[in-house]
């Protein structure tokens, strides 16, 4: 089928190729003219036969502006799909705005990173049954082969919600491996830490794709000597904790993983300076001064 | 090669079959005469040609007694392998005791649970290079096919240490999935939670064997209605936290996972009763009384 | 000086008495006519000489409506003080709205609970220097005697912010005592747990007002047998964690305290049911079924 | 009454003065001859009339050696008191060894730090009723005036156990304040953080002796600019977590406080380097390299 695709960066560009390889007709738009198939949104709309479907794959910060621009050139019966990393709570207001013009809205959480073009993308979809049905050929082409990798998670917002939870879990998984890795490096007994990690890839309870990647990283740099411990976080981890607070769900593990990243970016912890100050006051404990 | 195997329960029994299928000659000993190939330790020793190798696969509580009994009937040049869930710190003293009699000692952490007979077992091995080399045919038969599933992790103790860390990581991984699962069940948006879990099995960052199992559990019981939240823990999780404390390694995630299991087994939290008492005292807050 | 006081519940009523005892002229307004000194907001405004100061002490849910009502009857040069448990982020928008009418706005975090009338209230104040200076006689009367109990924390919003942090810390303090209490009750060695708590009230590093209250609670009910562990939380704890996430500050302790309250209110933990399901799947571990 | 006192360092020296000021006859022994009243243990025993009481106040590492030395010169009916920071689990074996010679044993957890000489020491005592009764004049002199500061917590070991829990709580309390302090320093709104801390000393729920000390530290150094965040821990915090694990008590807050100190002493977190490596692998995320 035909699909408009706005945003041809690393993710969008790979998706265009995977879709075309599956026989779909993709009209791409990007502010980088070299990547773009059309000059602007109007031309994009013209190239597609109604009812149109346009997938938006742009940074979260410009998603609303991009959708509003598309809304100007699309019309009754068309569908806009947001496949970016939007916060789920932005979806319902968008759907409502578009609905006033008769335009449908579907949100899709997309997982798979740079590996998706080859392996397929994990897709979590929110929207009406009718809209999802219409888009199924696209979803089929993007998802991995086999029985998994696609879910209609619920109404508008559910796709990004599921992706947010996916990423929250990912924080916890990564940190669990990381803690085990650190404990082994601290131990006197395990003299072959990369070998242990590698061995776990088959036959163990902890085998996973992330473990495969950790092994891959250790193959390239057995002591991770090229890296610092400075670790960014993205919106999804924070939103997951916000949801934990809103819904009163105790997420000790995911939150601790997020906080560990926060701490990794501090040159110095003001909290621990305060602890140090207290220890000096009450116990005359020797503390480390500058 | 020949192997003595003491303990023919669920794990030991399956291992005997996997070893025999690979062409090894296994002489099994169990207190259950129906499972046992020989009547006692002496007979076991007689059936094996020196230098012998005897693998002990018994509950941790009787491992030392079993090894001491074997030491009486084995001798110079023989090897005892402990494949059970011993604490790593028990390995060095055992190796020393056996060494006085010229008997070698190798510790093996074995992962894979009930799935190991079919898929192979993940093996983490501690001991001298010489002993490990002699036992390689056995390890080759037990491990999964392919490049992974076996590691010589370090000297005596390193095998059980790596297995302890493996299990500590397992606690964290399981809890990360569990928290994400709970958040989705608490949300109004995700109406198809089992479907989301299933979809993650391909194309996503969080795909893993544990996720496959969670999907399997939800296939059998989509709301986990048959289960309570009472969750046991085993030694390895606690030992991991003990090691975190001993080595001053901050294991927020793994520890939180262990503590959540502790809490799941309490009818009532004395700590929260104390918090409730405090709130009532200072604020006249309404609290829940019996 | 003169002060209008809207909301004469437990907090507001006690504050009126403390202010009158200090010689101030307080005109109180409450929807309960028996408590109220005037019939409505207009009458309140008439009874006060301009420039007026009106302190709002109502539940957070009706604070905005109350302030909007007051804005109709107050004017240029008057000041509205919000002493309730508003979220700090509501303060700046309010101040802006009132500023359009020439009305000043000051936010005050008030601590002390039911003990404040007797001991004085801890006051954390946000607003302009000019407004704070004008209200100092009121603050002087409400605060405890001595050098402490009052701070001009910063511009509008800073008072509620400081109070939010105060309450976040309170969560952590209470939970630290509660954990220690629980550990002692679990131990075989400490046979006089209430006696230990009581002894700590002098001479120790952990002495505090909250500890005094815990001792008081244990005097009344030495095993806390009358209470359940069901523990509510209020907005401030959640807002503190929201801020931790927004500002990327790792608040492990305060967050864990909040999450423990969440957990105390669950009949069953969906997360631990998922862990239990996983354990059953991979290990054939016995789990607890209904 | 008469008391032998072994160890005249900062704690022991102050205690000798407080005891003498209360009219007790203290015979002090220290390896530093200038501080010591007698030359050695034998002379100490000779100077005291039987039945003797000797208080040991030496570093934990030499406590057993000191007690064994005393046991040689003491006899039937005498009592040895250990007031140092021993692990509670060392107390019962000691009591048993001494009991074979007819010597009694009492363990005392002592709180109060450098402030104890002036304010009195918080005393948590483990031992038999008979031994505790005999020592009451000493305890009365050391404890603060008033109703608090002393408890007979249970049998031998209970004194050190209560002190261990006291210190575990102390970790949590300090960290709760520290987190609140950090959040305020990160906020744009609170422009007078030391002022907020100071104001909390009266009228608030969070007032405590530790808060007084934090205020004192900020008076001396308002931005804690002289300190680093490197923070030591002592045995008691670790033992508290060990007990949490042994008794299956979920101590999220105290453990997180301990782990934060561990992290403060790491130049770099191996765990976060592993997280960073994973992020680079799956997402092509930019990570910070050396």
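In order of appearance the chains are A, B, C and D, and numbering begins at 1 in each one.
As a working rule, a residue touches a chain if its C-beta (ideal position, glycine included) is under 8 Å from a C-beta of that chain, and two chains touch if they have at least 3 such contacts.
Chain labels with UniProt names: A, B, C, D = 6-phosphogluconate dehydrogenase.
Everything quoted here is computed from the prediction, not taken from an experiment.
Asker: Tell me, which chains sit next to both chain A and chain D?
Answerer: Touching chain A and chain D alike, sorted by label: B, C.
Asker: Return the chain whose centre of C-alpha atoms lies at maximal distance from the corresponding centre of chain C.
Answerer: Most distant chain from chain C: B.
Asker: Comparing residue numbers, which of C-D, A-D or A-C shares more than half of the contact pairs of B-D?
Answerer: Most of the contact pairs in B-D are shared with A-C.
Asker: Between chain A and chain B, what distance separates the C-alpha centroids? Give it in angstrom.
Answerer: Centres of chain A and chain B (C-alpha means) sit 33 Å apart.
Asker: For chain A and chain C, what's the span in angstrom between their mean Cα positions?
Answerer: 38
Asker: Per the centroid of Cα atoms for each chain, what is the distance between chain B and chain C, given in Å?
Answerer: Centre separation, chain B to chain C: 47 Å.
Asker: Out of chain B, which residues touch more than one other chain, so two or more?
Answerer: Correct list: 113, 175, 177, 179, 182, 186, 205, 209-210, 244, 248-249, 251-252, 256, 259-260, 263, 271, 282.
Asker: Over in the complex, which chain B residues touch chain D? Could you list them?
Answerer: Spelled out, the residues of chain B in touch with chain D are 205, 233, 238, 241-242, 244-246, 248-252, 255-256, 258-260, 262-263, 265, 271, 282.
Asker: Which positions of chain D touch chain C when the two form their complex?
Answerer: 88, 111-113, 116, 119-124, 126, 143-144, 146-155, 157-158, 161-162, 165-173, 175-177, 179-180, 182-184, 186-187, 189-192, 195-196, 198-211, 240, 243-244, 247-249, 251-254, 256-257, 259-260
Asker: Spell out the residues on chain C that touch chain B in their complex, using ranges where they run on.
Answerer: Of all residues in chain C, those touching chain B are 10, 113-115, 174-175, 177-179, 181-182, 185-186, 209-210, 213-214, 216-218, 221, 224-232, 252, 256, 260-261, 263-264, 268-290.
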